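Each of the next two complexes has subunit A plus one more chain, namely subunit B in the first and subunit C in the second.
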Partner chain A sequence: MMLSFFDQFMSPTYLGIPLMALALTLPWVLYPTPSARWLNNRFLALQGWFINRFTQQLLLPLSLGGHKWAALLTSLMIFLITINMLGLLPYTFTPTTQLSLNLGLAVPLWLATVLIGMRNQPTHALGHLLPEGTPGPLIPVLIIIETISLFIRPLALGVRLTANLTAGHLLIQLIATAAFVLLPLMPVVAILTSTVLVLLTLLEVAVAMIQAYVFVLLLSLYLQENV
Partner chain B sequence: MPTSPVKTRIPLTSFGHLITEVKRQLLGIEAPTSVELIGWRKYFNSYTLQGRRNCVLATYGIFAVTAAAYWMHRQNNKEKQASSSTG
Partner chain C sequence: MPQLNPAPWFAILVFTWLVFLTIIPTKILAHTYPNEPTSQSTEKPKTEPWTWPWY
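Then we have the complex of A and B:
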């Protein structure tokens, strides 16, 4: 069966059973639950250190009301970074290449921040839609622009993650195919292409981690405005 | 490396502080104090939080009224066309 370059992004099914739920829940198996002992093993110590450090860093600019989101934002970060990194392994499916998943994460969380702002401090939330010091004639124009940018936020969050990961995976597949095809024809060019492939893979590892962080950071910024 | 002509620490999420700092440092326009805002400018201005909120609500209200008026005008036109075609 001839595979096209986009077959890697198809939702996996086995005998008609969708495996998306498995793809989303399997990464959690990699993280052991802390036990009741005071001293755990090295892996748990490292995991605990990373989660504590990340939570501390993320919640630094947030007020007390935003600290309720600590568990949600940290678990979202661990979830996204694990899925992105596992997707870089050969023959794996990356759920975050699906726009439906990313919008499903971005829209409810963004909407939650907006509703929290409108409910708890409506004056502040509405005041954010007009920058301070705007000249008089520009006021209606800027209000429209700020409203549009408010509604674009969840789309940008979801599409950013989808586009970055999809583009990266496509590039890896294209360059790997090129290196494979060129190997019998022009070995020297194939070696150069393989070098580019190695560098690109390193870049994609960085992009996978950065995009997960950017997603969670932007959500925390939107929360900061409304809390 | 050219540096910014505006010397200030600007919060990442605040575009408004940039506007006020640019106006003050480059154009010499100072933001009015609360006692200088009199009349309708006390309630509709871009300096106080309540003023900005009222401007936003007024803009949304004008848009809603315009959209409602346009929609009712279209409904009237459709009814007139329907009655003239049957009559």
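Then we have the complex of A and C:
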């Protein structure tokens, strides 16, 4: 069978072990659990600062009811940013390129925010379907549009993350292949392509962090609407 | 696109949520943040008399 550029995204198995399992469990070795001792080492201190700052920033726009979600949202951020960043290393598998994982995270969490809103304050939650100041005749159309946009949210969350990471990895592979193939033929062009590759990798590092953050931020906004 | 192959979808879902609910929050919640130490001043703090009974 022909090796295509999409084959890097196949869920790999090696000797019957799904490598997805390894890719999802091994990254947490990088986060040692703090002990009951007061003094940490530098690595743990940095992680603690990051978690603390991030939780504080994320919870700023949320009302008190949303603060219950602090641990969940921070866990989600650590999960996504670690997996995204580790996927940029050569020969690693990025679980967040799998649509199943992203939809599996986005749909239940989004559904949870909607159900919380519907259960605790149904009028307020349904009120989001009609923006303020709509002219009378437009009301039915706008309600339909807002309902569609509500239901598209989990799909958008999942697909956004998948597409961004898949596209990034694919571009890296394409440009790296181009640089490699051009090297014996036109070395100068190959060097230019390698420069593009370096810049692209920097972009991908940024994208990895940003996309993880956007996922969590949007989820917190959906929560704020409903809480 | 191989991501659209539905075969491992359920396994991935279960595994992700397992990791996401068990491993990560344990590690994150273990980070504790002690209160900031207050700077000591030489003045004795002012105490006002209280109006409720001392139990």
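Throughout what follows, the second predicted complex is superposed on the first by the 224 of 227 C-alpha atoms of A that agree within 3 Å, B and C clash if a C-alpha of one lies under 4 Å from a C-alpha of the other, contacts with A are read in each partner's own complex, and residues count from 1 in each chain.
To be clear about the criterion, a residue touches a chain if its C-beta (ideal position, glycine included) is under 8 Å from a C-beta of that chain, and two chains touch if they have at least 3 such contacts.
As the structure is a computational prediction, the values presented were derived from the model and not from experiment.
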| item | value |
| --- | --- |
| First, second, both or neither for A:L192, with subunit B first and subunit C second | neither |
| Touched partner set for A:M118, first subunit B, second subunit C, both or neither | neither |
| Partner chain in contact with A:L203 - subunit B first, subunit C second, else both or neither | neither |
| Which superposed partner A:L126 touches (first subunit B, second subunit C, both, neither) | first |
| Contact breadth on subunit A, by residue count: subunit C or subunit B | C |
| Partner chain in contact with A:T33 - subunit B first, subunit C second, else both or neither | second |
| Contacts of A:T134 with subunit B and subunit C, given as first, second, both or neither | first |
| Subunit B versus subunit C as contact partner of A:S11, first or second or both or neither | second |
| Overlapping contact positions on subunit A, where the subunit C interface meets the subunit B interface | none |
| Of all residues in subunit B, those that touch subunit A in their complex | 12-20, 23, 31, 46-47, 49-50, 52-53, 55-57, 59-60, 62 |
| Parts of subunit A lying in touch with subunit B, wherever the complex brings them together | 122-124, 126-127, 129-136, 139-140, 143-144, 221, 224-225 |
| Complex interface listing, subunit A residues touching subunit C | 6-7, 9-11, 18, 20-21, 24-25, 28, 31-34, 38, 44, 47-48, 51-52, 71-72, 74-76, 78-79, 95, 97-101, 104-105, 108, 162, 166 |
| Of subunit C, residues touching subunit A in the complex | 1-5, 8-9, 11-13, 15-17, 19-20, 23-34 |
